[in-house]
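So that we are looking at the same thing, I have put the structure below in structure tokens.
Just so it is clear, A, B, C and D label the chains in written order, and each chain counts residues from 1 on its own.
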Amino acid sequence: MRVGVLTGGGDCPGLNAVIRAVVRKGVKEYGDEFVGFRDGWKGPLEGLTMPLGIDQVRGILPRGGTILGSSRTNPFSIEGGVEQIKANLAAAGVDALIAIGGEDTLGVATKLHDLGVKVVGVPKTIDNDLSGTDFTFGFDTAVNIASEAIDRLHTTAESHHRVLVVEVMGRHAGWIALHAGIAGGANVVLIPERPFDIEEVCRYVETRFETKYAVIMVVSEGAVPIEAEDDSGMTLLTGEKDAFGHVRLGGIGERLANEIEARTGKEARAVVLGHIQRGGTPTAFDRWLATRFGLQAIGAVHDGDFGTMMALRGTSIVRVPLSEGTAELKLVSPEEYAEAEVFFG
Amino acid sequence: MRVGVLTGGGDCPGLNAVIRAVVRKGVKEYGDEFVGFRDGWKGPLEGLTMPLGIDQVRGILPRGGTILGSSRTNPFSIEGGVEQIKANLAAAGVDALIAIGGEDTLGVATKLHDLGVKVVGVPKTIDNDLSGTDFTFGFDTAVNIASEAIDRLHTTAESHHRVLVVEVMGRHAGWIALHAGIAGGANVVLIPERPFDIEEVCRYVETRFETKYAVIMVVSEGAVPIEAEDDSGMTLLTGEKDAFGHVRLGGIGERLANEIEARTGKEARAVVLGHIQRGGTPTAFDRWLATRFGLQAIGAVHDGDFGTMMALRGTSIVRVPLSEGTAELKLVSPEEYAEAEVFFG
Amino acid sequence: MRVGVLTGGGDCPGLNAVIRAVVRKGVKEYGDEFVGFRDGWKGPLEGLTMPLGIDQVRGILPRGGTILGSSRTNPFSIEGGVEQIKANLAAAGVDALIAIGGEDTLGVATKLHDLGVKVVGVPKTIDNDLSGTDFTFGFDTAVNIASEAIDRLHTTAESHHRVLVVEVMGRHAGWIALHAGIAGGANVVLIPERPFDIEEVCRYVETRFETKYAVIMVVSEGAVPIEAEDDSGMTLLTGEKDAFGHVRLGGIGERLANEIEARTGKEARAVVLGHIQRGGTPTAFDRWLATRFGLQAIGAVHDGDFGTMMALRGTSIVRVPLSEGTAELKLVSPEEYAEAEVFFG
Amino acid sequence: MRVGVLTGGGDCPGLNAVIRAVVRKGVKEYGDEFVGFRDGWKGPLEGLTMPLGIDQVRGILPRGGTILGSSRTNPFSIEGGVEQIKANLAAAGVDALIAIGGEDTLGVATKLHDLGVKVVGVPKTIDNDLSGTDFTFGFDTAVNIASEAIDRLHTTAESHHRVLVVEVMGRHAGWIALHAGIAGGANVVLIPERPFDIEEVCRYVETRFETKYAVIMVVSEGAVPIEAEDDSGMTLLTGEKDAFGHVRLGGIGERLANEIEARTGKEARAVVLGHIQRGGTPTAFDRWLATRFGLQAIGAVHDGDFGTMMALRGTSIVRVPLSEGTAELKLVSPEEYAEAEVFFG
């Protein structure tokens, strides 16, 4: 067969591992040929291709990023986009397509499948907020980086009587904050699913300083103060839109540190991990998961299992309908947060 | 309640995280008191205790080893051992016991439970070979260390036309070798479940050197050559017993490198990771898993769920009968090995 | 002899290694006794002591922070401070004092020495800006952390057409930024010694995006725009004073990213490493340097070499007058910056 | 100018950083052209070249190995070798040559320079045993890897009453063992410069186990027992020659562990780091040093400073005569060993 591959959306450690597994198994087990589409859906839309074979995937397993490039292009927001894609896939002689990406990329894949394109999906989100799969690759890498950062902060916090705020990724879901907070032994974890009360946070800081000399706080980039607080000088905390109309990735960390210092008089400092969490080499877990997603995806193509998405369930990789995987965001439930709460405060 | 805690068997990153979670939740949610038993089953056997409270578990989350010490003492091989344990538990005023350990430690726990001791188990094996749970803590740390080692070897192997053999842990099961081999992009993975043919290994080395300049081979400490080879000079490969009657932890790596070099004329070198894999700070995944095992274990104590063992299923921690968890070793199946084989050779 | 030890100023990986070396050599070679003074100069000022012997220094080599605690207390700004210190040293039966700290702490040591206190200094600054020594411990750790962060950013930057700004420590001197920028392969390095022209920075960004798709920029926390720019909307860039009158540690990174994005229309994101750089376990180089400083310091005490500070010159540890070591800040010279400039732009 | 570049000898983190710096500065500051010679002296000997320009050196800074390949080919042991080299350099239009390598590679460079070839040398040895320079790149990386391994062993050693032997690189010089031993807090360090007495080592083990429960021992691959011991069953400890006539890289670690266990009855295990130490990404220090060596080397070419080798002195890169740099091995002096001995035992 002749199979197209593309990667869409934000950077995520493990993308190259998926591509390598797809190509290795395709070539060695099935004698497939591959076409690399560049820059997400922009590739099939504009006919941007690159060679993709054993030579191209050599040595890419430990490397972050994606050799195929990425974009946030959505062909459904472009007139005639779908027809162009169909035409370009036909022109490239592509029998089937493997789309690796998050909610947006797989949402496009779902619609294209409904329109007759033979597509198989591989889920990707560093935030781990896709339903249908136990974990997504990239998440373990991000959590480890955040957790190592917290480890390093413990000594400083203890020697210097400070509040240290670590801002981690997680626009809608607090998984990175929650796991890193548990793994790093943080005192406070603030997540988007649970708007926080700045007054309560400050009261906690003051109480803790009565007996201890440090507070380590992990905050998701998407965490927000409760409504009431918006009137008391915390409006900025909700995040600003940038020049592109996206909510700024950074911001809450430094704002929270400023606010706590102003209100409690305790020195507070922010660490903003930003893109460090999504770049660089993947952990062993993420490489293993991404590789197995890739192996299963090319298998699904040969089984004619189109319209499916790969998912981890326990230690098995299974195929679930694309629509199911992207139907709703997987959020931290109150029970999951409560389980960890014994370590906070 | 007054709860005893002990850790048995070999070192494993995450032991301290379990202890900390048990104590934190026990004290904060239930008002429990704790007794630390030292050095595995030797503790309750000989009445060796240590204080165990919030102060003792502070700062231990990122630390390898176990603050309680460990041993391989088996009370069932000592006359009157069980009676001594019962007497010492009573003397310490202990209502229930949490035993953290592997096959041996939990085997003792199972028998004691049958004899009326109120015990809850937490599984621990770096080799990940306990049935009943998707993963055990310590395994992810070991795989990451082995995988980082393989990453480093790639450049040397490529610049210097060598065979590099990495010996990893795994006496009976090849999980560490398999996962690290997949994550590191090894060319050959030899595991205990699949006796290897040294002639076939050497033929592969020679074939690969026709087009490539390096071979990276991962071998479990417990991997063995097939019977037939024992007659052709490979007897040493089966491993020697040490002064304590145990099969030597190391050995197969250096022996295999020697044998390959002698047979093929290609320079071959061994890396023996040994105890590096089981010491030191746990990964975020292992801290998260160990912490959740601990939280669930103290919960099981308060639910009166004795005779159970904590287990990971998907992303949930469930309780399974102790007998089930230790009934049989979880080995790499032929299918699981075959899945990865597309990367080997 | 009976020797007092204290640590002052900000956190720095390697402090515990110095303390351990002092005590180990003192006890084993000279039969010394030690008194630990807590929290920098506050310790001898208020008579705050702790036991300090072989037991206290066991296991602290790899740990960040300082077991003695630290503070920025300056006895010369307190009336009668010097007399109190003399009285407390006498009361503790201390024959000599080893002071480990930066410019401020050693400045106090210098003055006390002039007033007759037997003191030996060990230099400490994560910024590496103390003259008289080739390197100070802590610096190598900070540079490695910053350099690993830059490594991770490369893949994201390349996949996503972004400007990534990494803010590192360095209030007055740009050593961390310069070394991390060289080691990480940054495109732009902005340091305090060389006020930058925001228009020039933006022109560079635009030029680079004509052929490349990413800019990685390292900026010292103390970097400032040139005067002229203050009129064109960049006033905030000079940093704000916090509630304690210090210039805020953070700030320039996020401000610079905002400004670049606003001016060029390219997405720009900041990473603020903050205290991660000064916490946690030291690198091997820093442990080696700190250990050797400690060994030399206790030697200096026994040689009666008071009023000296330990310094690295090549691979030797030498003793220089305290006054010399703190006389002036060691800044990045125009030649040193120019040497690296071939990689920038 | 048209400048040739080659790398010879064993792998060493930082080689690519040197190549990149040479090319970047050569192209940007001087408008140079470059010729890459492949596989050490084999390249100019056999006329094996590859393109070398800005494109080839992009992204290689963090990568281990060498894009030019390497070999141990010595043109002086091949009849007519020197003439061939001169002819091939002329044929390639090369005005000058930069040779990056250790004792052997630079020894050839020295002789070629005497015979009129315009050559500049950059020293490279992971063992740090070249005189004339404070440090060589690669060494810091190796020491960090060994030191991290020792960190991990501490917890296991403590929990399990064991002797753990870590074998590190160092055929003739014990620098890696000494620095890693100091940085990791080892109890015993055995180096080639100081033949050891196995009986003394075992006596120490027994004494230490009277009060402690663990011994961590670092041993250079080239460490040897004292003569007298050869008669008492330790002959194997001197190492065997392999099929290529080299002394085996590994061996002493496992042999020492076996011997100690047999003699003392204490469980002893070996870790053999092997090529892990010389592969993979360089530390920030090594990247900085290698980069500065490269910048200085191309400067020396343009200054007509042939027959020189780059050297680190303090924080400066200086040029020393090639003959001086390779005149004698830099070994650990008795004083340097004694300085650290306070931590051993």
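Quick note on the criterion: a residue touches a chain if its C-beta (ideal position, glycine included) is under 8 Å from a C-beta of that chain, and two chains touch if they have at least 3 such contacts.
The shown structure was predicted, so the numbers you read here are calculated from the model rather than taken from an experiment.
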Legend entry - Chain whose mean Cα position lies farthest from chain A: D
Legend entry - chain C and chain D: spacing of chain centres that average the CA atoms, whole Å: 30
Legend entry - chain A-chain C separation of Cα centroids, rounded to whole Å: 34
Legend entry - Euclidean distance of C-alpha centroids - chain A vs chain D, Å: 41
Legend entry - Sequence positions of chain A contacting 2 or more other chains: 151, 154
Legend entry - Chains that touch, pairwise: A-B, A-C, B-D, C-D
Inset, instruction - Mind listing the chain C positions that touch chain D in their complex? - result: 21, 24-25, 28-29, 59, 61-62, 134-135, 140, 143-144, 146-147, 151, 154, 179-180, 182-185, 281, 283-285, 287-288, 291-292, 295, 313-315, 339, 342-343
Inset, instruction - Would you mind writing out the residues of chain A in touch with chain C in their complex? - result: 10-11, 63-66, 69-70, 145, 149, 151-160, 162, 164, 242-244, 249-251, 253-254, 257, 261-262, 265, 267, 269-276, 278-280
